[in-house]
Each structure stands twice: as structure tokens, then as C-alpha cells.
Amino acid sequence: MKTKVGFIGLGNLGTPIAQNLIEAGYLLQVYNRTASKLDQLDQDAITRCASPAESAEGAAFIVTVLSDDNAVREIATKDDGILKTLPEGAIHISLSTILPETAKELDALHRDAGSYYLTSPVFGRPEAAAAKKLWVCVSGSEDIKAAAKSLLESTSQGIIDFGEEAGAANVVKLAGNFMIQASMEMMAEAYTLAEKYKVDRTKVADFFGSTLFNSPIFKNYGKMIAEKDYSQVGFTTQLGYKDARLIFNMSQQSHTPMPFITVVHNRLLSALAKGWNERDWSEAISRGVTDDAGLG
Amino acid sequence: MKTKVGFIGLGNLGTPIAQNLIEAGYLLQVYNRTASKLDQLDQDAITRCASPAESAEGAAFIVTVLSDDNAVREIATKDDGILKTLPEGAIHISLSTILPETAKELDALHRDAGSYYLTSPVFGRPEAAAAKKLWVCVSGSEDIKAAAKSLLESTSQGIIDFGEEAGAANVVKLAGNFMIQASMEMMAEAYTLAEKYKVDRTKVADFFGSTLFNSPIFKNYGKMIAEKDYSQVGFTTQLGYKDARLIFNMSQQSHTPMPFITVVHNRLLSALAKGWNERDWSEAISRGVTDDAGLG
Amino acid sequence: MKTKVGFIGLGNLGTPIAQNLIEAGYLLQVYNRTASKLDQLDQDAITRCASPAESAEGAAFIVTVLSDDNAVREIATKDDGILKTLPEGAIHISLSTILPETAKELDALHRDAGSYYLTSPVFGRPEAAAAKKLWVCVSGSEDIKAAAKSLLESTSQGIIDFGEEAGAANVVKLAGNFMIQASMEMMAEAYTLAEKYKVDRTKVADFFGSTLFNSPIFKNYGKMIAEKDYSQVGFTTQLGYKDARLIFNMSQQSHTPMPFITVVHNRLLSALAKGWNERDWSEAISRGVTDDAGLG
Amino acid sequence: MKTKVGFIGLGNLGTPIAQNLIEAGYLLQVYNRTASKLDQLDQDAITRCASPAESAEGAAFIVTVLSDDNAVREIATKDDGILKTLPEGAIHISLSTILPETAKELDALHRDAGSYYLTSPVFGRPEAAAAKKLWVCVSGSEDIKAAAKSLLESTSQGIIDFGEEAGAANVVKLAGNFMIQASMEMMAEAYTLAEKYKVDRTKVADFFGSTLFNSPIFKNYGKMIAEKDYSQVGFTTQLGYKDARLIFNMSQQSHTPMPFITVVHNRLLSALAKGWNERDWSEAISRGVTDDAGLG
């Protein structure tokens, strides 16, 4: 018999993840604020739900892929939230990028309600999710991680364990998003410098992306930034800014001055001021650099 | 019969390169300001020279690995400089990290003197040089690049061609050193943030270095920075600062505002102010971050 | 007959203000978390209160001088808060530095309760308060400003009116604190540069403070920073950081990238990381600059 | 009989200074690269010269008001430069903003030639020069300063003495220009923040300019920046950038990290990249801030 899994959040990233879970044989009970998004999924493999609570009913797991701290908090705690119905011992696998403090708070709320919260943020753009190539960072109790392993493997290329602290995997996820943002700024500066000296941006990006910096971030974003082609919107400026804000918040809470995050934070903030909310975050950063340099 | 190659500059990087050339069968005519450094080389395979000019006499190539623009300019043009003796048609293979403007100037001087200048800066720390794993960026005339290919291959894992402009490969080299410096700052900030949240720095560095950022720069410097182990001095703060200064100079000349270079420039400048000139540049950057965060 | 005035907050700034009000003939009903601070005041001129609510009872005005948004919000709304007892038509004169959003929220809460909230943040260190030389920025309804005028004049050298919006005067106050912080950083950088060139810091500060920059901020803080004498703690690093944080928050809310606030924010954050919470904010900024420059 | 004074440099600032000297009764021997600029001066009071050397002939003083280090160096040392003809014991009063190192170099060259060099940079925009309201910073030998005093007083409201070191007054001048640039950035950020919160920029500028920051810099530039009226070009972006570059150079030479100068340096650099070379420097900085904030 199929395992029932609640699923909430059919955004750019959530949708391919839901599809992976369906392919892996889970029976999904799906809720999404905009219900029409459910039409994209195989209707035989899902149950359409009218509320988060309904989605959690009788489920062994509930997977949430939401945009920010408040969204996760609300989905859990509001009147028709999942904590109202989540069965005793069920596990909330939370894939969203949120603050470690929020994860701790949610972890406690779930324990109080007799269920479990598993911090499991993921790295990867929508294409990576579709290809089951996400990286999942987890932290939480050993047995809960063990119980969720198989489900997470069905959508990822690897699960990395950061111990038992509820917030730890969120720290890693936000540190990583910071590193991605900073990498984009760095490439934008370097490739724009090259362009000004009449050296081919794409050639420089190819070189670095295949030698010293031959890693996915530098290859993929490097190509977009070198070619100034931001047409594939995988992660919006608005969401990118939200993460910069969370990282800056962590910098403040932990008394860790981070000059690089202030630079990228302000790039993304300026992009919001210009109304670029829905463009890819790579455009917000890269065009900030080229505009400052007087280039088109 | 062995090809005669002039060789000047037995620093951390120059020494293993000279050894590679010897192994490859070249007869080296070596000059170094501090003559005692020549003792490290196989004395049967080298001719000890008392001046740059002597080192260039009768050579098909002369290889220089020097610390800055002035050093290269001087070695070429002073009274006992290489341009005094370099045979017609011989090629000066210049591996130093210098400004593109200086490369153009030297290129013209060599042409006037009937010889050739080949811009060939290299990426890699001393260990990489010893393992013949350098990356060489070249730019210059096609036939000169062809003529130097075999020699350069004997010390590198790849030669990347950036066209015919004398300065182009220097632009790439300095853009790359900027990216390395910025990567170190980025890692130092991210891993220090993790530490403040009680997440193991080395575990975070391992994760990123084997997934999203699985490239040499993030693996190697990532380990040093995560472990706060700066005992291997491969590239000094003084030389790192010199490069930051050259990159900033290029930012100025080309009207390319680069906020990240100002951050790392000031980290290295502060390290000089504190007398850390001879420490590894990774320490200058990483300790700047941890000191600001009140950590040891 | 004397006007009854509630008074809450006997910190560095609140205490001299309370004394000014006593001198001006008001009958103060004083509450302070640490009750012993009330001993500094003329006991004949005050009524000692055990709660905020008691302090507001029967008062025409209540003056609060508190450290942050939460403190003001709590004093107003908690079970024994002032909104429980403040007479209909009475005016809460709020001198604290808080966010404009918080002022709007409090303004609405007071109106709902039949009383008034007057945004009235002040500029000046404790010495200025003692000398009745504060500057008061106000915003709110015309008649409320008129009613509070005489009381505010008894502790200030001028009242500047920023219109009817409850938050407006807070915007000006925080913009001003930003300008003060940035002025300190600017002076610290300039005078340290002079010192490095063996030009007398105090002479440079004297010159600027009496010519191009002959204003209180540059004179007073200029002297402290030039002489590196931070022994007079008028405003702590902790409070200064709180303001930097509020200003940064406003920068975020309003989509206004402000690179200078990120610099001073991180100076103050680093000072907190080093445990300098109770030192004067000028020391946090100025020693940040001299330490980075390798000076004592 | 009138004192003969050589005069070189009829730019925005030099012209009103020349007029002041004429009014004070000096006989000016004027040279300017663009000779037509001499037409603005009272032709009876001047001798038109065809070269710097001619301008220096038989003069007791020669006053130069030039745009940068190279211009001053050239005027002094080239074939028809002033050192060729300047009488023994004559004094070169150098009002230009240049590096302290250059001043030292020129000081030595003049002594070798039997004449004197007096470092005398000035503060003030063209209007201030016309009103004889400049501030002059001097450094050099006591007797030379005494000899030049009367001439300098004829165009200034005060002369401030920074000792005997040839470079000292240049350090103060560049530190001051840094403080002016940083003040403009600070005001632009603060007033733009106010605007975003719908608080009148000009009202905020008026308040600060008449209270905490009631000094010329904050009053004058404050008005321009608050009103976004940059039509009076008193000091071009190009010259402002040159100064930012010199200040940054001093920061490098002296190992003094100065984050604020990097911010304003990059603002001005971006303005050059956009072709704003001839606009007032206040526009370069202030529009940088408002553009980043998405405002017109």
C-alpha cells in the first residue's frame, strides 16, 4: 500500500519535487494556495486538499516547500494548519529556506503536538529538482532523519547530515545561498572587468568554470552572467533578496560582520527599488555591476 | 642537443618550474638576485649566471617568474638586462602577474629589439607547480604561442589561449586572482557565521567543497580557512596585496566599480598595517573576518 | 496648581530631562524599572510610582524616555501599562528613538484609548540635556504639538516641526543618528590618515571643527576621536548599534541602499562581538578604524 | 612699485584668485594653456606670457592653481618651465591639490634651483574664492610662510599653519576633500531615506544644516543635494574623482584602510563610466544614491 504524504507548496521548486515523489510511488495529498497549480500533477496520484490541515490528515509525512518563515509558521499553526491534524509520530519535512530560530520554534511546536519537524532545506534550481539532483541538508533526531531518508533520496543526489540541532541545516543552507550570491557578484565584477579590457567574457567564464572554479555554481551562473542571458528565471530577485535579508539577520544575531553580504544585499535591494522583483536574481546582481560600469 | 633557456626568478613558484624545465631536458641558464637559491637545482643541468643579460645570451627562450611590474621591466631594460643580449627571434616567456599595460609596453620593447615577448601568467600554488599542474594563460602572436607550447606544457596541465593582444592573458590572470581572493573572503564569512551558530566549520567546508563548490579553490583554501590552519605559506600577504592593488588599478583605469575588490584590498592592507606581510594571504583574509567577529 | 506629568525612564538622558521638568514647575509622577534611580531627583517634586499605570494616573502628560521600540510598546500596552490609566485627552510625549512604524502603531493605540501620542525624539548627549540644549523633532496633530510646546521648551533649545505624520519625526531622528555615526567614521578615517602621515590629529580636527565643519557634531566628537579619549560615555555602543540596526531596517523597508550605514553598522556589530557594549559609541567606531590601521 | 607675481592656471578657482591678487595691487604675469582665458582679467594689471618660464621671470612669487600632480610637476620642470627662470629666493606658492609625496619632490627641486616651494592648498568653491573666503592650509619653512602671508591673505579668510613638512598641508587638504565627499554621500543617503518615507528632503536638510551640522559643507552641499539641483558646477566630477584617487592612494601608501573612501571613490568612478565627467561632483554622488534607490 502507498505511503500517504501531505504536500504543500507548488512553486518553481515544489512542483518538480512533488512529481518526483509521485514517481517514487507516494500518494500525495496536495494543498496549494493557488489551487489551479495542482492541475500540473498526475491527478490519479494525488488527492486535492482544501486546506493545510486536510493535506496532513492521516499522512506519515508532510512535505512543505514555502517561500519564507511566516509562510511555514502559518501553515503549521493557523486554525486550519497542519498541526491540527498531523498524526502522532508523523514527520513534517520542511524544505524551505528559513532562519534557524524559526526551525527551533517549529521543532518545539511539533514535539508539543506529538509529531516531528525535520529541517531539510535543499540546494538546486528547478532543473536540478526535476532531474532529482538536489542536495538536501538535514538536521534533527537520528531516527527522524533515518525515517525520512528514503523519501528525500527520491528527489536528491545526496543528503548531508548536520547533526541533531533543529536549526543547523538552515545555517548551512543560508550560508550556501550567501556563497552563491557572492559568487555571482564576484563573477559579474570579474567578467565585466574583462569586457572593459576587450577580453571575451564568455571565454573567461569558460576558462574559470572548467579549471580553478569547475563547480556547478561557477559553470551555470557563470554562463548566464558571462552571456548576460537572464531569461531563465529559476529563482526570483524577490526570493533572493529575502535570503540576503535572512543572512544579514543571522550576521546581526550572531555578531558576525560580513561585508560581502552587505554588498549583495544592497544589489538586490536596489533591484527591488527598480521593480525587478520577478527577474532572476543573477540579473539583479549582474546588471547592477554592468550598469555601474556604464555598460548595457 | 639541448635547447638553451634563460631562467630568472627562483621564488616559491619559480623554483619548481625551473626543476620541471630541467626534467624536460632544457639546459637552464639561471640568474637569481639571491644567488644561493641556485644551489637547490641540479648543478649539471644549469649554467649559473651573474646577470640577467648573461642568462639571456644565446638562449632560444628566457623564462621569468618575478614579483611585480617593476621587477620585470627592470630585468628587461636595465644596463645588464636581457634585452641587451637576447638573440634575435628569441622569446621571453613572462610568467609574472603584472598589469596588461606593462605587458604591452614590454611587448613593444622586445619587438624593437628583434625578440618576442609572450604573456604567460600561471595559476597554481607551489605544490601545483611541482606537480606540473599549473594552468597557463597565454596571449600574443600565433607563431610565438606555437613555439612556446612545448616548453609551457612541461610545467602545466593546460594552456589557455586568450588571443593576440599582449595584455589579455594578464587581464584573465588578475581577474582570476581577484576571484580567488573574493572566494577566500566569502568562505571566511560563511564558515565564521556557521561557527557562531555552533555548526562545524570543517563540515560545512567539506560539504560545499564536494558539491556546489567542488573546485580546487574551494577545496584547498576551504580546508585552510575552515581549519584556520595557515601554516603552509604558498603565497604571501605582501604578494596578495600587490595583486589586489593591481586589480584595483585596473578597476580604476577601466571605470569598472568593483565593491568586492575594495573589501579584500582593505583586508590585505590591514594585514600589512599589522605586519603580517610574510603570512599566507588566506590568513590575512580569514583572520580579518574572525577578528572582526571577536573570535580567536 | 502644578500640572501633573507622568515620567518613565531615568537613563543617562532621561534623568536630566526629568530634572528640567521639575525645575520648570511640573509635578512628576515617576516610574523607573530600577526604582533606586528615583533617589537622584528632588523627592518633594515627585511622586514615586510602582508601575507605568500609576505614573499615568490623572496626568495631563506622560513623558517616556526609553531604550527601544519594545520598551515603549510594552510600557504602553502591558497589563499595568499607561494606556490602562492615561486620562482622556492626555498626551504621551514619546522622546525615544524608535521606528516610524512603531510610532504609527502607538499613535493608533492611543487614539483608540482616547488619549494622544506625540512623536518627539530628541538630539543631544546627557550634557546637552542638563543644559536644556536638546533639539526636539516633533510630528503629530497641530493642537497636540501646541499643547506640548511649553513642556518641551523647558528642556530644549528648539522644537522643529515635521508635520502631522506620526512617524515623520522618527525618520528625521534616525536619519540624524545615521549622520552622526557616519561623521564619526569619517573623522576617524581622516584623522587616522593624518596620523599615519605624521600630521597632528588634534590640529586637523581643530581646523575642520572651526572652519568647514564648525558644527557641534564635528567639534565634540571630533575632539574625542582626535584625542582618542573615549572616557565620557554619553551613549553606549549597545544603544548606538540598536540605532544602526533601526536605520538599516528603514533602508530595507524603503528600498534605499545605503552603503555608509552598512559600514558603521558592521563597526558597531564588531564592537559588540568584542564585548564593548558599554563603551561610548565613538570608541567603537574610532577604535575600529585605528585597529584596522595597526595603531594603538 | 608693484610686486611682480607669476600666475598660472585660470580654471574655475584660479580666475577669481587672480582677480583678488590684481585687486590687492600685485602685477600679474599670467600664463594659461588656453590663452583666451586671460581676456577675462583687467589687461592693464597683467602681463600676458607665452610660457610658464616667461611668467616666472623676475617674479617675487609665482602662484599656480593646477589640476593635478603631473600638471604641477610639468609646469615646474619642463623645458620652458618655471624652474628655468624663477629668480633666486623667489617663492612658488602652490595652491593645487596634490599628493604629499609630490610636494616633497617639488620642494627639493626648488631648493636645488635656489628658489622655494610653499605648499598652500585651498578650500572653497569658486564663489568663496571670489568673496576672498578661501581657507588656505600651509606647510613649509617659517620664513617662507611669513613672506607669503600677505599675498595669501588677499584671497582668503584664514591661513592655517601645519608645520614645516612640505607635504603636511596636502595631507590636510586631501583629508578634507575626503570629508566633503563623505559628507555628500551621507547627506544623499539620509535625505533619500527621508524622501522614501515621505518626509520633505529640504526640510530635513534645513534642520540639520542649522543645528547639529550647521557648517558650510552641510549648508551648501546640503541644499544642492536636498533640492537635487546640481546646475552650479563648481567642481567637476573628473576633478572630484582625481581627489578620491589621491586619497585612496594615500590610504594605500600609509596602510590605512578607509572603507568610506572606497564607497565615494566608486560612486565617482561609476559617474565617469557614465560620461558625467563635467557635472558637479555633488551630482555624481547624489544621483548615484537616488538612482540606486529607484528614484529620479
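Letters A, B, C and D mark the chains as written, and numbering starts fresh at 1 in each.
Methods note: contacts are C-beta pairs under 8 Å (C-beta built on N, C-alpha and C of every residue); 3 or more make two chains touch, one makes a residue touch a chain.
Worth saying up front: this structure is predicted, and the values here are computed from it rather than measured.
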Chain pair with more C-beta contacts, C-D versus A-C: C-D
Chain pair repeating A-B, as identified from A-D, B-D or C-D when over half of the contact pairs by residue number coincide: C-D
CA centroid of subunit C to CA centroid of subunit D, Å: 38
Gap in Å, rounded to a whole number, between the CA centres of subunit C and subunit B: 53
Residue numbers of subunit C (touch at least two other chains): 251, 255-259, 266, 270, 273, 292-294
Residue ranges of subunit D in contact with subunit B within the complex: 245, 251-252, 255-259, 262, 265-266, 269-270, 272-273
Touching residues (chain side subunit B, partner subunit A) in the complex: 100, 123, 135, 137, 158, 160, 162-163, 165, 167-168, 171-172, 175-176, 178-180, 182-183, 185-187, 189-194, 196-200, 203-204, 207-208, 211-218, 247, 250-251, 254-261, 263, 289, 292-294
Subunit C to subunit B touching residues, read off their complex: 266, 270, 273-275, 292-295
